[in-house]
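Letters A, B, C, D, E and F name the chains as they come in the text, with residue numbers starting at 1 for each one.
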Amino acid sequence: MFGLKKALTVFGIIAVLALMNFAFVQNGYSKSPDGISITETQSKTVDSESPMEGLYKFFSYTGFRNARVGNLIMIAVGLFFIFLAIKYDYEPLLLIPIGTGIIIGNIPFFQDGGINLQLGIYQEGSVLNYLYYGVLKGIYPPLIFLGIGAMTDFSSLISNPKLMLLGAAAQVGIFLTFLGALFLGFNMPEAGAIGIIGGADGPTAIFLSSKLANGGIINGLQTQNLIGPIAIAAYSYMALVPVIQPPIMRLLTSNRERVIRMKPPRAVSKLEKIIFPIVALILTTFISPGALPLLGMLFFGNILKESGVTKRLADTARNSLIDIVTILLGLTVGASTQADVFLTSQSILIFVLGALSFIVATAGGVMFAKFMNLFLTEGKRINPLVGAAGVSAVPDSARVVQTEGLKYDSSNHLLMHAMAPNVSGVIGSAVAAGIMMSFLM
Amino acid sequence: MFGLKKALTVFGIIAVLALMNFAFVQNGYSKSPDGISITETQSKTVDSESPMEGLYKFFSYTGFRNARVGNLIMIAVGLFFIFLAIKYDYEPLLLIPIGTGIIIGNIPFFQDGGINLQLGIYQEGSVLNYLYYGVLKGIYPPLIFLGIGAMTDFSSLISNPKLMLLGAAAQVGIFLTFLGALFLGFNMPEAGAIGIIGGADGPTAIFLSSKLANGGIINGLQTQNLIGPIAIAAYSYMALVPVIQPPIMRLLTSNRERVIRMKPPRAVSKLEKIIFPIVALILTTFISPGALPLLGMLFFGNILKESGVTKRLADTARNSLIDIVTILLGLTVGASTQADVFLTSQSILIFVLGALSFIVATAGGVMFAKFMNLFLTEGKRINPLVGAAGVSAVPDSARVVQTEGLKYDSSNHLLMHAMAPNVSGVIGSAVAAGIMMSFLM
Amino acid sequence: MFGLKKALTVFGIIAVLALMNFAFVQNGYSKSPDGISITETQSKTVDSESPMEGLYKFFSYTGFRNARVGNLIMIAVGLFFIFLAIKYDYEPLLLIPIGTGIIIGNIPFFQDGGINLQLGIYQEGSVLNYLYYGVLKGIYPPLIFLGIGAMTDFSSLISNPKLMLLGAAAQVGIFLTFLGALFLGFNMPEAGAIGIIGGADGPTAIFLSSKLANGGIINGLQTQNLIGPIAIAAYSYMALVPVIQPPIMRLLTSNRERVIRMKPPRAVSKLEKIIFPIVALILTTFISPGALPLLGMLFFGNILKESGVTKRLADTARNSLIDIVTILLGLTVGASTQADVFLTSQSILIFVLGALSFIVATAGGVMFAKFMNLFLTEGKRINPLVGAAGVSAVPDSARVVQTEGLKYDSSNHLLMHAMAPNVSGVIGSAVAAGIMMSFLM
Amino acid sequence: MTLLFETPEFLAQGITIAITGYVIVFAALVILFYVFTAVSKILLSRTKRHLAREGRLHQIKEDEIEISGEVSAAIAMALYLHTLLHDEESGKLTIKKISKNYTPWSSKIYGMRNFNR
Amino acid sequence: MTLLFETPEFLAQGITIAITGYVIVFAALVILFYVFTAVSKILLSRTKRHLAREGRLHQIKEDEIEISGEVSAAIAMALYLHTLLHDEESGKLTIKKISKNYTPWSSKIYGMRNFNR
Amino acid sequence: MTLLFETPEFLAQGITIAITGYVIVFAALVILFYVFTAVSKILLSRTKRHLAREGRLHQIKEDEIEISGEVSAAIAMALYLHTLLHDEESGKLTIKKISKNYTPWSSKIYGMRNFNR
């Protein structure tokens, strides 16, 4: 009924249309005169306009006419994100919304001559612009932390609190990246926001960049809006944790260390689980009040979960609420990568810094575990692989630890132990974010 | 314990109260002097005020005192909507919220002398006013499309793409209504918004009217706020699709045509279902970028559904999220029909145009199916009844097709085939809305 | 591995740190010079700063440095709320969020020298500030009423409408408290807002205080922001209903009255249940249009429930939607008790007035039941205990009635009867709130 | 108005508002009471007429309609006591839900220790 | 442009927009139609090649693939009729959910009469 | 401060911030570690005292409390492996939910082809 040849022809035509556009229209002259003529056409009543002219006018509004190479690149990136999520199951709950958001944010539209059709995420009055407020004002990340709190079980951390220190150690990635960014010429607040990529924690990264690198004036310094690149970098590397971490873990550990067996965690009482979020909330935010929006919500969610009397609230927080916010956050963070804003040399630098920060953070966790072993007696030693989970990237890095551990001893399950640094890594990077806010805002 | 007589007496008293109001109070003289005296009473401290005076003052705030005939008419309309929904099961998820919204929006309240008790939907600071922002700024419709995308199965359309054209054909209703509205004296943007009623798609109608007929200045022309009438017209006729469509379908088809059997649709692979929303998103929004807010969200929702890795997000999008938005949208659209704003000759014109547009759209779909049959060989002919489903009004018009088809051949199930034009009608009217935005904003 | 002694040492250190702060830092001189020097340090580029100085600077941002006694008191209050909720199951769905909110709202942070780190609920740009808008603008309470409506069964009230009057009688608490507040020196709008505590209805109290005592100018009078104290008082006493009501109920009833048996309520038809919310919506809001935001939503929710055709909307309204709003409302109401705003003599007065209002309301309900009995024949007499349920505090006060009733006749179940005044008490206090708005705004 | 000895003006005004307000609250619920009693009567008489027309009125005595209320009350009571005893049951369902797993950092298995809650 | 006799200017402009618009709507769906038909072809041929490589092509005839569509249609129809008959079932689940109980005034048992809905 | 040779001023400041920051992150988690270890000790000793008072201390050896941890770990592992294998199961529940049907255009049956997903 329909030949393959025909199909290819159609694709060909579309391709030609697109190419024509790049070849003829986009070379310098098009932007202003064309744009103006359209505006004129609209504002004055045209006395004779044929459908053909109408078609031409319409063509000037289409994506075919307004596409820049950058848009096509970004759409390809979006497709790649979706592909990764579906094919390799890398963080699908984030990569699918972000990937689709990238595509949506890079559909080209007409905006010459100051005309605002209310389509782009940076155009006032567009839906995306309204939804983007939740990112820009740092509202979505705390709500996500609320849901995370309501689904996180801190038992592993309570039963073996000394593993918490691994979660602190891995935050070295944040501070070294911060210095790196300063060195590369970003100003103080921007560098702080970039550093947080090393926290391996999406909502924290978005939250801090919405405070420190949102395009406004922070502490007397004009910042650029780096929320998009920082968020995309953070999520990309978090998705790639199974690829990034293993080589570093192997490099820094000996065969003997990798097979260390750890004592199974003790059972934790209900009361301890209730007290933990309350104590942790008060302590951590007394130390770093800047972490209040994130850790306040995280532990609030956990209190809802562990109190045992607010099941329905915890349920909603970890289901509908977090899902709705995840959808909107992913979509708008994706769409904020509109090519003309996103494709800059800055973004490339941020990606490079981000990769380094993940490597440093992993190394920091592993090395600190080895350091702790110097002071621990035989039976209490820590398998240094577990240190890699301190970067957070919950729970992927914990699973990487489990997988790596099994490679060297197929009956040595490290997952339970890795959960402790894993969640304490979240606390650690939120504390670090609070510190950055105190110093740099 | 309580006689029927007594009951009637009570009703009598209430009726008399209401009538007294209309007879004595509302005739010209009441509005200003009364209103002012109340304001004065409040702003200066009264040195002696008896409870009877207090009661009188209170009476001046009640609905009995402030009701206009229009309010009562609209409340009756609201009751009728609720009745239709419960009794005949016409679109209950929309008619119940809208009907209740109409009642709530027409409870009379005191607003003379510029006093703002923050009750009405058009009064700054009222809850309804805040919730109405989602309509006014066009935020609710895209969120509803997100949910729709997450519950729509495009299989029927994928398996027989040529039925898509029927969904395009039926959009003739939009453009003819647009011309009709222009002819009747509406200005360009208003006419565009009115035209979209022919799309038989509530969220699209609300979205486009919030952009083109929101009471602001669009492209240099002062528009009226027609969101209410357009939305009510669209939803009313969509509820009445089982009444409107069958006569037209019968009129335009022969007995032989009505019993045409169509080949059952082929099975569709998972991969096709994943690729479809992505390709459709890019293609349709490249062609009509104005459709981005609607189609971007629709296909985003569908990607969440079909990707297979984001089940929980799709679940939330098609349950809690769409329900919450539906409740708020229905309520505020209903309440926006406050009598003094709604009961105008314009609204009547809009209703007349709306009825015509549904008829034209149905005819367009059916006639185009017959036109396509001229080029199709025996076994591949389309049952022209299926064309009527192109108006969208998902899935009611598809069910009308099924029901009509069964009347002439009780074993000829057309439902599966009707779903294809049905959903493509949604795409078609969103594309049309985008075109209107490009031309008229 | 870790001695109890060590643990105590750590606590000791923290205590010493905190005490040092109070002893040395907070005595007069600290606030301004210290604050300024920090600001200077930041705005000019420091040419040499050692890590020790950095640590000191950081310390000035911590909660340890910025805590005031008030914060610690409030945190203790928050902990007590959480304790009450978990230990005694007092209103956990409210006390847990509010209690945690109190803690979060009283974590001390640096705000000298006009520096805004966007942490506190009263600081522009903070997440809590954004979420607090729903309280401040009176948006959350109507949404909660929507959910309540979708879960409330009015059968008991429909089957025995005369019990409704008890719900009216108990509202005497509102008006006497209003007079008491006036007498104690609050101005008109403030007094109205304080009075509503007697309605024993959290959302209504928050709604009215957001309109009448929000810190703005109401009807020419400058009001204070009393939303926090009023809400906390209302919820505290609602939680304590099982403690407050029984003595009053016993005091005002004779042994013979307490064992009065009431006829079981008749079955109620589906149609009656559909008509009730519609009729009640129109009637009550015609009488008191100010109650529209609350009662409009309450009955809207009930229509969604009883119509039988909008199950999924009712479901969402009474689950995800109300849960999300409850979480945000509880959290922000709790956080609004920031010590410097909350710990005033006004708050203490409000708490005293609140206690009185609950007592008066209970007495009002019980006494009116006895008054009604004067006119009722033998078999139709009302057990005056049931009158106590008129305060609303749904359904706790109804359960108190049931429990008390069982004490005197272990087979006399009063619960069903108590539900009628219970829900009508809600309607009554919403009507009263509407009246207050009409008179005082 | 001088209800109380030497009431200050604002208090006098307040008393007016309080009395008026309380009367109106009563009025609202009294009207609702009358109207709804009437509505119920009308519905009942309509039902009876309907049954009468079908000649089945004798089958149902007024008592029976009321008895159904008694039964329902009993069931309600049973349900009430039941829920008091088994309030915690809902928790079990929750556990299953959690295993649906999600974290914003990753979307795979998480909270695998939920079982010992 | 003078399509109609003496059309006022704005109407002429309107007609242009209407015609252009309708053409574009068609264009959009026609392009989508062609593209997606092509995509399906490509996917199908890829599948066939894949099967051929595994030497199983003979096992599956084109007909069979299409028949599966017929079967699915039949199932769809059955489902359709089934849901028509049992549309109210979902209500039953709702009742259970409500007994999860909540009120903003209190969080304990509520709505204990839900059973007689 | 001159930690590095000729560090520019802003970098020097940055290094201060970085070192301070890292120390504080550690401090926060170290304090949390100490405090929570203490809390656990206190809770455990309270439980023991409680059991002792009831004369049941000899029944439970410290080991047993810890063993329960081992058991729980084993269960956790089993659960973990189980979820790995059966991750897709949740999808089945979803299908049922969808048949609850809704469209904003109409509220009746929709998506009747959901079964062949």
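One rule holds for everything that comes next: a contact is a pair of C-beta atoms (placed from the backbone, for glycine too) under 8 Å apart; a residue touches a chain by one contact, two chains touch by 3 or more.
In this text the structure is predicted, and so the values were computed from the model without any measurement.
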item	value
Chain pair with more C-beta contacts, A-E versus A-F	A-F
Label of the chain whose CA centroid is most distant from the centroid of chain D	A
Chain whose average C-alpha position is farthest from chain E's own	C
Separation of mean Cα positions, chain E and chain B [Å, integer]	20
Chain B and chain C: spacing of chain centres that average the CA atoms, whole Å	38
Centre-of-Cα separation between chain E and chain C, whole angstrom	46
Residues of chain D touching at least two other chains	10, 13, 17, 19-20, 24, 31, 35, 37, 39, 72, 76, 80, 90, 100, 102, 107-109, 112-113, 116
Per-residue overlap in chain B, given as positions that touch at least 2 other chains	57-58, 89, 92-93, 267, 287-288, 308-310, 312, 315, 319-320, 323, 326, 415-416, 435, 439
For the chain A and chain F complex, residues of the former touching the latter	158-159, 161-162, 164-165, 167-169, 171-172, 174-176, 178-179, 182-183, 188, 191, 264-267, 269, 271-272, 275-276, 279-280, 283-284, 287-288, 413, 415-416, 424, 427-428, 431-432, 435-436, 439-440
In the complex, chain B residues that touch chain C	1, 42-43, 57-58, 61-64, 66-67, 75, 79, 82, 85-86, 89, 92-93, 96-97, 100-101, 103-104, 107-110, 115, 117-119, 125-128, 130-131, 319-320, 323-324, 326-327, 331
Parts of chain E lying in touch with chain B, wherever the complex brings them together	10-11, 13-15, 17-22, 24-33, 35-37, 39-40, 43, 47, 65-66, 68-70, 72-73, 76-77, 80
Residues of chain E defined as touching chain A within the complex	1-2, 9-10, 12-13, 16-17, 19-20, 23-24, 31, 34-35, 37-39, 41-42, 45, 100, 102, 107
Complex interface listing, chain C residues touching chain B	137-139, 142, 146, 211, 219-220, 274, 278, 281-282, 285-290, 292-293, 296-297, 299-300, 303-304, 307-310, 312-313, 315-317, 319-321, 380, 435, 437-439, 441
